[in-house]
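Just below sit the structures, each encoded as structure tokens.
What follows is subunit A paired twice: with subunit B in the first complex and subunit C in the second.
Take a look at the complex of A and B:
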């Protein structure tokens, strides 16, 4: 018995000693860990293929590994990336000069052929359901490589936005033969890019581990390690940030900003290059959920611009922005916040005018209003489900009885595509005003690739013509003026009701020195600086 | 003297006529019935809600002439009114669904016992299958399949609850089927429907009936859970459960009143129903009378 006790005591002291000795050499390793940046993101990374789908979910995180020829600055103006300069040789020819001395993570050199490979992979190799990037390269007729650091691209017709398109295309390394498949990439064959961080490991939809690319051509990246954790629940992200479990969290709900600040978390925010809106089905003769007050189906009232105008006039954007978004949003009158290139200075957010709204409804033949079901996603965009109810409150004041109906985004998206809704809340983002106008308001035409998000099938030939001619003008003030003019024409007809531009909100802890916001809304380690001692 | 004490003890066990839970439950029912008369606001009428007064703290005065006694929620609905109207939903949903589930469950259980053979097997295996799953899971699957709406919630709760009644009713009915009065009824060649509904059902009903008050309490909690998860009641017509959920996202911001008060109301409602239900069950239980 006593022997046992003594033995136990020795065992304990021996193991304590061992722990102590084991800890001593660990001290430098711990110091290294200091250089790890831990980010909680709402973006659920589902693929390692940078050309698979043009969603922020993928592009935001993969932008650490892969790079693009062109970047956009905080005002969405273009700046050099893997391309040092670019210029039009003629209306249909562009020349890009490439950065010298760039190496992929596997050590091979970057040259023009890798750009050609990336274009070919998107245009010729990847099959549906992947997509989204194809519209950027569909206008490309042929590609020449005069020398390894120059690439000349010829397009079918004038594409003044070609450099902008290359701000969305990630450059991959050409393998020895054939094309890499999405399955190969997802199976964990290390993605090989030129970016500031190298891939280490990932779990689909859960986490991504990155390490510093010490040979990065653009200078030494700030962090030794970067780990992304996907935390979809906003409350959980906020909690992880406030306990210091992570250093950066994106998509912070506006209502949590005040309490996070009280706990010493710093907040960065920026008006996003995007729009949330109400969209009408203006195509079908009768619509699901749209009835008179007694429940009898009526013919589609949204075909009448007066009705659309009346509903637009009767929305209190102040409540949406100040109450629901807690000030982290801007009332909208067009597709981008006023002041960004291509926006109209003449379009200003309207204050509600219920009297005039009622008068317009009466003029359109609905003096007693009508009933509708206002559909929308819940939890996809800041303030989405709450906005549905606030809009219903506003419309009740002109006699329109709106039944808000919020569903998870996947359900909403499927039902909208199936035509189950007559009027709904939606969102859209893009690199530039013309890209949103192109997909949201231009007449649906699969051949020209217009109207991909025009689910309401709005058609306005004058607008289509104005937009097409604006798209043919070289990037600059003239093009911006033409886009503004096209926007004014469309908005007078009210094909959608612009609601608000919500702000991206990011919170960061003491180990991060600063965080630079970008209107595209990606969450990256490149936007952070290490805190000074 | 001894007899007096004994009878007093007996009375004590049945509880006083005006116990606290009973008074509370009666108040709840009264408030729910009178809600449109006494609520300062109709929280389901968008014209009576002022979005600009969203998230007002308890005691704030509103522009519409209201005093927001318990504050407003994130969309400007008065919390007092939301609770009063939410009570109506909770009570209507739970009482209707429990009554319907009892009716269906009893009929199914008694039929299984009477017909036996494959009818028994078919009904009781379904019951077994359902009782092997948690009630909330069954209700969740039902509501996801049926879609949103108050009528759908009632339907989902019926689906979730009928099996309990069926099992109890079958057990009792099995022991009744063999009794002489049943033989007599059969020998008189009474129609099957008459035998089941006039003879077998009334005699097997008592133990299952005692279950109803308890199950109403369960139904209130189930409805609140479904609404809390965002399934069931429409978002612009909050019940107690969805009122708690609406405030849940504001908890970290210090706007405690949006969740807290509907939560307390829900707690009181479920507690009083359960206490009264337990009381009623004890009274109806034949074993208690036998003593």
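Take a look at the complex of A and C:
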């Protein structure tokens, strides 16, 4: 008995050891397919419906499968996609010529009717909570198809941005009858697009497997297979990139860039087409958290442009950009990074001038400053919570006592919508300068759809007029100049304090030759080149 | 008869637990914030989009009304549709269950026998080098935070040596309509580090329990009688000591296993292991109420079932329990 037990124990430990030794050399258990690209992304794939939500979380990955009529290049200029050309026939009519010989993944031919279907699906069929795309097509009155490769769109009023709007609309294939529901698409009816990669399999919020579309009209796609793994934890993305388990990882924290470079990982970055800013409530008479130094409520100081100017002059953007974003950010003076279409060359990021800030504050009637609660989201944007701290320290130098208050994004939004904040940190993005101006700085007006992000209720009729007339001008230098002029006028009034444009940072390993960044911030296989042998 | 009333008592307790849990969870998530801001893109949405989504999700109704609708749906076996993924919440939960189940099972299959055996040996040899080392090691293993342990395992096992992958499930194989990692060599390889991260604190916990139990039992009269009878020490240990110390160990195994099913959040997040714990914490962050409620309900039911299972085990292990009922 004793002997038997002892023997058995030895046997067990010996076999455990054997299993361990047998497994050890199998570490790289899968021979990597030569042309497989493995990407770790922070964008979780929510649904397979390309019209469900206008969130990068969804659109970034689905852009491999579905295509758009129009694309934006790295400088946000429009370039042909499924449409070869487009021109205005009149103020309210646009004609798009479509690419010939394009086939969907199931083999059916692409034509104008598929575009009509996509517009109808967004405008008439999809119900909330899906949304975000409807505003692109809501101005469309009717659609004509003179021939299968031409589409004429009539709008209710002049929409010079119509081609730009089509850079956000994915084209689906018209099914034999009716509309495809989001549930159908999610349930594994393979999404059928015209894009360079075909859908193979997915698990929502986990992974997406794609294979090359050998019949792609735009030439042979670079990779035989593309696999996306959703890794939300930044440290885990960095670790997977370091060990070479994946080839590309997005949203790399700036602090990890140096150590990744040491390990031979290459880094690409670009200023994002977006803005982070401080926004004031300039509407209400008194504001929560805004008091004098002894804690007594005071009337809303942000109604006075002098106070807004003083606070703007007393922010050190150098610290935000160099220290908090570790160099992966650009100090901001307007809604897009300088140089992009529609930005003003006259507006340059300011260096802090605390003396003048203090003087302006005294002139406005606050020689001793005041107290405020500076609210903001935590973990939504690079450097958000840290920026609140840095700004509070800067403002202390002109006697304004700011108490930073960071909350999770959804909590922050709920409280801001409930009017719990008087001044806060925010972010905004859009396809073009005018789209941000339209929602962030124009007077709130549900009728016209302006000021959706103007939570501080800033109103400036001259600016509204300038913006409206700029929006009526056809896309081109004249429009850009008018937008720049409108921006200059508004920024002189300081309705917001532009802080920075953070950079999108992507790391890639040796199997990728190069990675082209795009200010829109999507992570796609199309931006990579295979490394040369 | 006693059996039936015991079962009925259990069931009514479980029911009360579920009701209390659902009310607390529901109100808790509701008071955190408005999920609409995670469903539509706040940076580009129009007020019209936000209003439409709020109505479509039923969030414009008063909270009690939302709760009644929720309970009504659950009674019909429907936990609702995930706000974020637009998939049925229960289906989403079930799709994450295999990953968690295999990770927790393997971690417990390592921890339970190893911890018990280490404790038995240490308890037999109090004060020896082995005993002191085990005590020290278990204190350290229990006091280090799990995120640090997981990070260290990645650092040593993946980054420095390159032996193991740093995260993910690897290749999966199909069985019983689900995907499992433990069926493929590559998947097993991916399981090693996260399973170790879950197992190490449990080994320490179980070893301490089994050591103190052994010390207690070894000093009792019946052990001395056994020795006087001339039984080998090995036989005393396995036939007499082990059954006597097993009741608290089985209890702790049940509790810890339930914990791993539901709350292995840290380990699952760091190893990007797409399991139930990660789903729960992600859904709480995104305020995805249907998924949170489905997951919490599942967790509560799992704990009730595990506790019932542990009670059954008592009867198997302890003749006194068996005889009294």
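As a convention for this text, the second predicted complex is superposed on the first by the 501 of 533 C-alpha atoms of A that agree within 3 Å, B and C clash if a C-alpha of one lies under 4 Å from a C-alpha of the other, contacts with A are read in each partner's own complex, and residues count from 1 in each chain.
One rule holds in what follows: a contact is a pair of C-beta atoms (placed from the backbone, for glycine too) under 8 Å apart; a residue touches a chain by one contact, two chains touch by 3 or more.
Source: prediction; values computed, not measured.
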Simultaneous placement of subunit C and subunit B on subunit A, clash or fit: fit
Per-residue touch tally on subunit A - higher for subunit B or for subunit C: C
Which of subunit B and subunit C A:243 touches, first, second, both or neither: second
Subunit B versus subunit C as contact partner of A:253, first or second or both or neither: first
Contacts of A:361 with subunit B and subunit C, given as first, second, both or neither: neither
First (subunit B), second (subunit C), both or neither touched by A:414: second
Superposition-derived angle with apex at the Cα centre of subunit A and sides reaching subunit B and subunit C, degrees in steps of 10: 40
Which superposed partner A:273 touches (first subunit B, second subunit C, both, neither): neither
Which superposed partner A:235 touches (first subunit B, second subunit C, both, neither): both
Subunit B versus subunit C - smallest C-alpha distance in the overlay, whole Å: 7
Subunit A positions touched by subunit B in one structure and by subunit C in the second: 235
Subunit C-touching residues of subunit A, taken from the complex the two chains share: 1-2, 5, 23-24, 26-27, 29-30, 46-47, 49, 52-55, 127-132, 134-135, 182-183, 186, 203-206, 229-233, 235-236, 239-240, 242-243, 245, 274, 408-415, 417, 427-430, 435, 439, 446, 449, 452-453
Contact footprint of subunit A on subunit C as seen in their complex: 32-49, 52-53, 55-57, 83-87, 92, 95, 151, 154, 158-159, 162-168, 170-171, 185-186, 188-189, 232, 234-235, 269-272, 274, 282, 285-287
Complex interface listing, subunit B residues touching subunit A: 45-47, 49, 51-52, 54-55, 74-76, 148, 230, 234-236, 249-250, 252-254
Complex interface listing, subunit A residues touching subunit B: 234-235, 238, 253, 255-256, 258-259, 316, 318-319, 323-324, 378, 385-386, 388-390, 392-397, 402-406
